[in-house]
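Sharing a structure here in structure tokens format.
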Amino acid sequence: MQPDATEANTEATLSVRGLKKVYQTDGGDVEAVRNLTFDLRAGELACLVGPSGSGKTTLLKCISGLMAPTEGEVLLDGKRVTGPPKKMAVVFQEYGRSLFPWMRVRDNVELPLKNQGVPKGERDRLVDDALEAVGLSHVPRSYPWQLSGGMQQRVAIARAIAYQPEVLLMDEPFAAVDAQTRADLEDLIRVVWKKLGVTVLFVTHDIDESVYLGERVIILSSSPTVIQEDIQIDLPADRDQLNTRSLPRFTELRHHVYEQIQLAKKGHRPAAATSGGAGTE
Amino acid sequence: MQPDATEANTEATLSVRGLKKVYQTDGGDVEAVRNLTFDLRAGELACLVGPSGSGKTTLLKCISGLMAPTEGEVLLDGKRVTGPPKKMAVVFQEYGRSLFPWMRVRDNVELPLKNQGVPKGERDRLVDDALEAVGLSHVPRSYPWQLSGGMQQRVAIARAIAYQPEVLLMDEPFAAVDAQTRADLEDLIRVVWKKLGVTVLFVTHDIDESVYLGERVIILSSSPTVIQEDIQIDLPADRDQLNTRSLPRFTELRHHVYEQIQLAKKGHRPAAATSGGAGTE
Amino acid sequence: ACGSGSPSSTGGGTAPATGGGEEGLTKVSVGVIPIVDCAPIYLGDKQGFFKEEGLELDIQTATGGAAIVPGVVSGSFDFAFSNLISVMVAKDKGLDLKFVANGASTTGEEGKDIGGVVVPAGSDIQSAKDLAGKTVSVNNLSNIGDTTIKSVIEKDGGDPSGVKFVEVAFPDAPAALANKQVDAAWILEPFLSKAVDEGGTVVSSNFVEMSPELDIAGYFTKGDTISGKADLTEKFTRAMNKSLEYAQEHPDEVREIVGTYTKIDEATRAKMILPRYRVEFDEGAFKTLGDAAAKYGTLSTAPSADDLLP
Amino acid sequence: MSPGTLAAGGAAPPVERQRRKAGKGASKQLLGILGIIGFLGTWELIPRLGLIDERFLPPASEVIAALVVDFGLTAFWVAVGETMKAWFLGLLMAVAAAVLLGFIIGSSDFLRKATNSTIEFLRPIPSVALIPLAVLLFGVKIESSLLLIVYASFWQVLIQVLYGVADVDMVANNTAKTYGLGRLARIRYVVFPTALPYLMTGVRLAAAVALVLAITAELVIGSPGLGREIALAQSGGAISGMYALVLATGLIGVLINMLMRQIEKRILGWHSSIRSEVIV
Amino acid sequence: MRTARNIGYILGLPVLLVLVWWLSTLGSVNFFVPKPADLVETFGEVWFGERFFSDVLPSLGRLVVGVAAAILIGVVGGVLIGSVRWLRALLEPTLEFFRAIPPPVLVPVLMLLMGITDSMKVMVIISGCVWPVLLNTIEGVRAVDPVLSDSAHTYGISGWARVRYLVLPSASPQIMAGVRQSLSLGLILMVISEMFASSSGLGFTIVQFQRSFAIPEMWSGIVVLGLLGVAMSFIFQWAERNILRWYHGQKEVENAA
């Protein structure tokens, strides 16, 4: 695997190397993430699944430079991440608290663009498109706290999309929306991904979703976390909700992921990871 | 339908009658809920599904007496609800904000019991059981903000269960937990429901979940909201994740609900509701 | 110690009251301001004049004038020390107050008084009348400083209405003068000596110029006390008078005792000019002062000496 | 700003943080001492360079020397004791009254509206205007100072408590309501913790105001304490002595604040303003 | 109907208190406590006329300038100190030191530095009013929601934009609490600034009345202070409602029950 990793490194947009994160609390240290190493190629769409509390949010915070890892490092285009990189957008799990309550929906979506100095005309177009895409073009003048949970979450998604990032991190972005909207948004993400060639890391709890959406699914073990498995999703590039989901291969992959998570939950750890993390044990 | 409703009323624990809710905003009035009428019998377990923004949270807030309806009323055991009733527990959609950040996990779960004057021994048992049931017995001394999203949500659930309410309202309580935990929690809810004979109203976006969990599924139209359909779930009372979900009847029901939501999203409204709400159109 | 057997001593046979047991003493609280003018009461207390009268003094210091009159009116103080104008004003406003003993008087020597108007070196102000149109600092407006200065200016042939008075506390006045924030400053001892040492010139000894016999401050109480506790009042007056005389005769002891209740350093204490301490009020000077205060609007009507003086 | 922001609010690597943990408190205090040294240095230079006459503003070193002399005097410590006694009692009464009234008024919409105009009327009345009243009631004793201290610091706390009570998170409050927590229980478990950060700021403000008023009252009325000593030094022309006492007042202020910070850290560990120092 | 109720809220308690005061002064004759009727009469005589222009207006001018400057300094300083940790550590003890110095002691020093001028009095006002704004801003800045802060961070919102769009709005409820405190403190300090080294002004006049035992006049001056306080507070509350529209909206909506 070693030569593979170094080779991947050269063309990788995002490299996570030996990442470890220990939280210090008054009740002692909590080892949330033990040892994570993986790469994302430019323009790759990867889904991240794992049991609750396995460190997905922690990982995303480290990648986005909001939190420094205890050990290991995150490289973006070969450069070490020490603070939030430019052209990276993050949709937080706590969507309700990630919107500015003192700004209307439209202003919330527009702010990052305005801050970047995008000219008014283009800004308007981007914002309108994004709101349209998430089905919220009718509430631009509402405040976030006047919206339902699902709508708030969609505002956060619209903001990320309008920003046209090169790397997009999403932490359970569809948790609060209904099944139909969810399906629509899944397709939206794939469309945006294809159109902009953006690198996406997508955290989800929905196994079907991870298989349907991703080109690759990374499964985390339970905490202290290592990578349980890293699966390539060999489904056709053009996916649609009805046909893709009824493919036998889809069901197979889905089953495979399910089993791995079951294992992870039961505390089973991959042999490689155990030996890899032996030094820390 | 009229005689049926009055009859139901006598044995109903929870009656929602002609409920309407209009929000006043600086951008004009928003008619979130137009006209909702339904009853829950004591000990019934009903699921509520509907598109994002259809007013599920609004409905739950009205039922729990946290918000006054614009028109119509909510009756609990025949008495009109004007403030939060005793022996009702609510798990809010905004789980992150419903926990007290200044209390540790255990204290959060214990508080309502302490406040009720439940003796220490029993309180401890109830709290321990609840934390055990949601898989959080290892973090009683953490603060909520030291937990992952899914863990926070489970603390809120544990608090509701430990409280041993007579009526339990849950607003997308499993949105932030992984598939396996979700399945476990679904079974937990059914166990608790059977053991305590509690009346449950359960909001979810997951159609499979609504069918698997509920004795009945209430489908809401999109906003301004009326009831799209009210389906009895005639699956066996003893359910289990593997067998129940593979029953042909399960698939049928699932499909039916799915179609209805599709219709709702497309703006289709049930004939009865349209005529019922004709005066307001 | 040479004057211990002063003529005004009425102690007679009861002189050794010290041995008479502390219990027999009547407690009397007196509000004073911690300045040189109040030295006699401290001295008299030390000499035992009050004990001889059967009084046990409780001297309470109030830093400014603000607390003195309310303290007497409320009964917190049985007697208190205040300048004449303050008591005149209170009386004018309807408070029933009356002096029971003199406090401090001008030395009567021009250029060697306890207060004066100082100008910086090189000022074109030569005498009181030149103050017209200038800015002059006093410690409190509508009080004894501006009243006497106005009257002195008028006497000197100037126009008192053109003077602009501002409030500057005595300790801050030399600085205000040095920084040219005021043209002249009215200053009392011990700051007056300091200001002169530092090059200031006294252009008017306003107290003396108004009247060489001017009494400046005294001890007063309310009418109720005089009528209701005549005995106590008499005792206090007697002891106080004795103290005044003693102080007048023992300036060195005055300089020394001032060090116990103020923070004036020894060198300054040795040099500063002391006021005159005497028993009798000068009614003529009192009238001059009262008339001036009425004339310049500080009082509504000129006070009568009979009502106010003992 | 970017590097500065990072260092301040951003991602201090925990490894470093761990190492710094022991050193952090020390280095923080070191910086504070540095700030004070800078201030004293400036003060020393102003009269030395002749910007202000030494007679009116003596250099810091001279004042510190005078303060050191004071430290050896029992009279000084007696005065400090008097001032601290007035400060503590006044603050205690003000906080107790303000917290009680603040929670009562704050948790009722009616009371809040009905008392608004009266509160706004009474608040800006300077304590110093109450001096005649205070002396009338209590003479030049400590009670006079207490009246002024309590009056001035009461409003500081009351207003903060009212704001804090208004800031209660409704999701949290509603949760409590549905779990059957009554009004009192909600005040105890929801409103109080929410208002606590506001209250602590209020107490910190009030602690300073109480000290200021204790000194002012002693200064103007002449009740015993540091303020009276300042007035005495001032009227005695002891300039260095006066500044030494002012310096002592300031030092007491610093000590009081350190104490308040410590208490705050104890009871507000969960609040994000404190938390952010630990985590972010 | 609604305005009637509002007026009731504004006047109800004051009327009640005046009634109590009136009843309690019916028989007694305390020199230091005037009767309501006397006070009203004195009030008109004293404050309607020349004194309004010669004493009240100049004082108000200094008050407005002082408070405005204090707010500006407090907010700017608070944002800086609140967001730069080492700066906070550097300055906190020194600031605490100055905060503990009573304004009456500051007056002579400021007089030395600035002379007996209006700017000296304004400085006294600033020196006292700045603290509530400064401290509240520091606390408000430090309490920014971490999730929100992360969001801004990842969208590259930093520097001035971060202050403008994140820090200031999020701290604004607390800043407003500080401003409200400093308004009334400003009135108090206005009086203190005119108590020493002065010859005119509202505060001076009140102190002068106090010293010359013009007791009803003194109380009438205190009433003027109170009324000014009420007026300033109402203007402030109106401004606050506009600036914090989102905040009150959010609370109101959540409070709809």
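We just call them A, B, C, D and E in the order they show up, numbering each chain from 1.
Here is the rule we go by: a residue touches a chain if its C-beta (ideal position, glycine included) is under 8 Å from a C-beta of that chain, and two chains touch if they have at least 3 such contacts.
As the structure is a prediction and not an experimental result, all values here were calculated from the model.
Visitor: Note down the smallest number of touching-chain steps it takes to go from chain C to chain E.
Guide: Graph distance in the chain contact network comes out at 1.
Visitor: As a test of understanding: of all chains, whose mean C-alpha position lies farthest from that of chain A?
Guide: It is C whose centre lies farthest from that of chain A.
Visitor: Report the inter-chain centroid distance for chain C and chain D in whole angstrom, where each centroid is the mean of the CA atoms.
Guide: That gives a centre separation of 39 Å.
Visitor: Taking each chain's centre as its mean C-alpha position, how far apart are chain A and chain B in Å?
Guide: 29
Visitor: Once you find the CA centre of chain A and the CA centre of chain C, what distance in Å lies between them?
Guide: 85
Visitor: Can you pull out the residues of chain A that are in contact with at least two other chains?
Guide: Expected reply: 65-66, 83, 94, 97, 146.
Visitor: Two or more other chains touching the same residue: where does that happen in chain D?
Guide: 2, 10, 56, 131-133, 136, 171, 174, 219-220, 234, 271, 275
Visitor: For chain E, which residues are shared contacts with two or more other chains?
Guide: Correct list: 32, 108, 112, 145, 153, 210, 215, 249, 253-254, 257.
Visitor: Quick one: in the complex, what on chain D touches chain E?
Guide: 1-2, 4-5, 7-10, 27-29, 31-36, 38-39, 52, 56-57, 113-118, 120-129, 131-133, 136, 152, 155-156, 159-160, 163, 166-167, 170-171, 174, 197-198, 201, 204-205, 208, 211-213, 215-216, 219-220, 227, 230, 234, 246, 249-254, 256-258, 271-273, 275-277, 279-280
Visitor: What part of chain D is in contact with chain C in the complex they form?
Guide: Going by the criterion above, the answer is residues 53, 55-56, 131-133, 135-141, 144, 218-222, 228, 231-239, 241.
Visitor: Sort out for me which residues of chain C touch chain D in the complex.
Guide: 31, 34-35, 60-64, 66-67, 70-71, 73-74, 76-77, 169-171, 174-175, 178, 190-191, 194, 198, 262-265, 268
Visitor: Using the touch rule from the top, collect the residues of chain E that touch chain D in their complex.
Guide: 9-14, 17, 32, 83-86, 89-94, 96-105, 108-109, 112-113, 131-132, 135-136, 139, 142-146, 149, 153, 158-159, 162, 173-174, 177, 180-181, 183-188, 191-192, 195, 203, 206, 210, 215, 218, 221-222, 225-230, 232-234, 251, 254-255, 257
Visitor: Looking at the complex, which residues from chain E come into contact with chain A?
Guide: Chain E residues touching chain A: 145, 147-148, 150-151, 153-157, 161, 165-166, 169-170, 172, 246-247, 249-250, 253-254.
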